[in-house]
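Pasting the structures in now, so scroll down.
In the two complexes below, subunit A is the common chain; its partner is subunit B in one and subunit C in the other.
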Partner chain A sequence: MTATAALPTTALAGLLLAMADDEFVIGFSDSEWTGIAPLLEEDVAMSSLAQDEIGHAAALYGLLAELTATDPDAIAYDREPGEYRHCRLLDHGRGDWAMTIARRYLYDTADSVRLDALVGGSWTPLAELVGKLVREERYHLMHAGTWLDRLARTDGEARDRLLAALADLGPDAATVFTPLPDEPALLDAGIIAADSAELERRWRAAIAPTFGRLDLPMPPAAREPERGRQDHGQEFRWLWGEFTMVRRSDPGAIW
Partner chain B sequence: MSTDESAAAAPATPVLEAWEVFRREKDGDPMRHGGSVMAPDAELAIHYARELYGRRQESVRLWVVRRDDILDLDDPDLLQPPLDRSFKKPGGYVMRDKLAAAREQSGQAKPKARSK
Partner chain C sequence: MSEAGTQIGIARLRAAAVLGHGRGIDEATVRAALADVPDPELPTLSVVDLGIVHRVTIAPADGSIRVEILPTFVGCPALELIKAAIATRIAAFGRPVEVVATFEVPWTSERISPAGRAALEAAGIAPPGPTTQATLIDLEARVPCPHCGSRRTRLDNAFGPTQCRTIRYCTDCRQPFEAIKPV
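Now for the complex of A and B:
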């Protein structure tokens, strides 16, 4: 582990919180398909992906808890809805299957660009974890890409629903790359290899061939980009109520 | 809802097919039949095979085969012919019955298992 003297703890905590909240929220939201996915096999697949994301969130909350000497469960469950730092893309509920696929494709491609910029970073605990996450996310990308492809190429209801989902999500898609608080400190310390603006350029370059081939509209620039990880709306408040319900039913209980 | 209406409202339902999944548990093991998945095409069949037979790190390799592509043979005349075919087995004739008959003829008892 590198010397902690030079570690920009606050900036690093902000990065970990943003990543963990992203994984936690999409994982929990996608888990709502358990039991009602389009077919049994897909039900297993989507539930397994959702579980993976919750696992990634747990690992990231764990690092954050060690860094800040707090409790990972408390970070995950004991905040008010306004204190979560996931991107606004994930404030959109799971919607229909096309919405879930579009959200997952946009998020997974963006997350993949972000992870690639963290591989080999100077803070060993995160760099090591990211090395593992990247391997699991490969399958997530395959799954989302397969479904995006088939919805886009099936004229009629499938393509119409996908286009509607992309129109709805588009203006929030790039919020994954909302600049983090004190981002320059992360760059200076070598924890992340590029700033948010550069990561967004890489992401757009990465998805452009697919969007071109499938004749889909590229996501526009994010609206209110500086507030992309704040102002969570009513849909997230509902989800928050769901995922904190058991914890709030008996505060402090040991499970 | 009439069938005409539902046909107009929904795109053609993809036909699900059965795919057989074979898995290798660890390097050096043979491929063994694991089970099957239902999927509309090869691409999703691979995904679902991975989810159902590989996501817990229980496999190092999977083979996924469309069930209809399997050549099936279960003709008892070919596989279970009625005559004694034991002479075709690696161990040769089954000797047990012949030995018993020879012992009976000579009045010898069946030798006991060696005590040491």
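Now for the complex of A and C:
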């Protein structure tokens, strides 16, 4: 790694916040299945996945807090809904099982491409964490891929619901690759290996064979490419109310 | 006092008796002491057998002891308990202690020692199958059943009661069992 003086702190903080908010929001959304998943095994799986993602978020908020000398819990819980920087794909709530599987598949495949571009990056704390994350995310990819396959190949209600979910999520799928603030600085510093446009190309190439095999429509381009991590809607406001409820009930409580 | 507390107390006395208070402590001494610290979720395994002890450093200046550990999973909720248990055990040496988590190298299930694998099996939890660098998980891996030894087992759920476990099923003795997730 080059001298600390050259570290593009603002751009790096933007990257960490986007990644952490993504993991945090999908983790909380998935935890909505705890107790009510369609199968007992999926109750266990979604709860474990949610725990993984919230753990990843905590680690990323931790790096961000060290970088900016703030408190990770304050970043996670004390912002207004409009200040979160997760992608719009994750603004879509839990929905039905097909919606959850479609959202997970689109996000996990995109997250995987993003993580691969961070492996071996020049900022050691993130590169080391990513080296660990990719090992865990493989299980998430397998889970989402298995269910996508199953729903897509079961004609009737399963496939119909999956197609409806993909139609709903599709225009927001590529928001994972919304350009980050001052992205060129991250590339120049060697923190990430490719820009958002290139990562989106890699993601499309990665999922095209599966979408082709299952005869599913590829997600279109994002509808508002520049605003893909802003303007979170009503569904996120509800989730925010849920996950900040305990914190707001007794601000400053010591656990 | 809890059972764990009693055991830590005994271990502390034993360490003080065997080692002398603060004399002749090196990395091997500290690692040997860590073999007394159980994993809270898998108490038949020590943190050493689990392979999470990464680096032990003793500062030449003041003799303070620093232990770096590798989380098994990024979001492992037992991490703070493990750090506290290690700090308590090492405090028996009567020196300043620091326990920190690092991702400098990723913990993988290959780091579980042969003794650790045997302890898992004795507890009815299958040791992890082989890991791979491939993108896909090997669903066909033949993990032996910890109850009957049969290799005719299948993955029932890649996720289990803790982040580090999967649920499998033995088609011979028809028992479900848990296995450590290869990661």
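Note that the second predicted complex is superposed on the first by the 253 of 255 C-alpha atoms of A that agree within 3 Å, B and C clash if a C-alpha of one lies under 4 Å from a C-alpha of the other, contacts with A are read in each partner's own complex, and residues count from 1 in each chain.
As a convention for this text, a contact is a pair of C-beta atoms (placed from the backbone, for glycine too) under 8 Å apart; a residue touches a chain by one contact, two chains touch by 3 or more.
The structure presented is a predicted model; accordingly, all values stated were derived computationally and were not measured.
> Looking at the superposed three-chain arrangement on subunit A, would you call subunit B and subunit C a clash or a fit?
clash
> Once chain A of both complexes is superposed, is A:E235 in touch with subunit B (first), subunit C (second), both, or neither?
A:E235 sits against neither subunit B nor subunit C.
> Who touches more of subunit A, subunit B or subunit C?
C
> Which of the two partners, first being subunit B and second being subunit C, lies in contact with A:A59: first, second, both, or neither?
Second partner only.
> Is A:L129 in contact with subunit B, with subunit C, with both, or with neither (first, second, both, neither)?
A:L129: touches subunit C, not subunit B.
> Does subunit B (first) or subunit C (second) touch A:D195, or do both, or does neither?
neither
> In the superposed arrangement, does A:G156 touch subunit B (first), subunit C (second), both or neither?
Touch status of A:G156: first partner only.
> Let me test your reading of the model: by the given contact rule, A:L141 touches which partner, first (subunit B), second (subunit C), both or neither?
Only subunit C is touched by A:L141; subunit B is not.
> Could you look at A:E41 and tell me whether it touches subunit B, subunit C, both or neither (first, second, both, neither)?
Both partners, subunit B and subunit C.
> Based on the A-chain superposition described above, do subunit B and subunit C contact any of the same residues on subunit A, and if so which?
Shared contact residues on subunit A: 41, 44-45, 48, 139, 142-143.
> Enumerate the contact residues on subunit B facing subunit A in the complex.
Checking each residue of subunit B against subunit A gives 9-11, 16, 37-39, 43-44, 47-48, 50-52, 55.
> Of all residues in subunit C, which touch subunit A in the complex?
Residues in contact with subunit A: 71, 73-77, 102-108, 135-137, 139, 156-161, 163, 167, 181, 183.
> Show which residues of subunit A lie in contact with subunit C when the two form their complex.
41, 44-45, 47-49, 51-56, 58-59, 128-129, 131-133, 135-136, 138-139, 141-143
> Quick one: in the complex, what on subunit A touches subunit B?
39-42, 44-45, 48, 139, 142-143, 146, 154, 156-158
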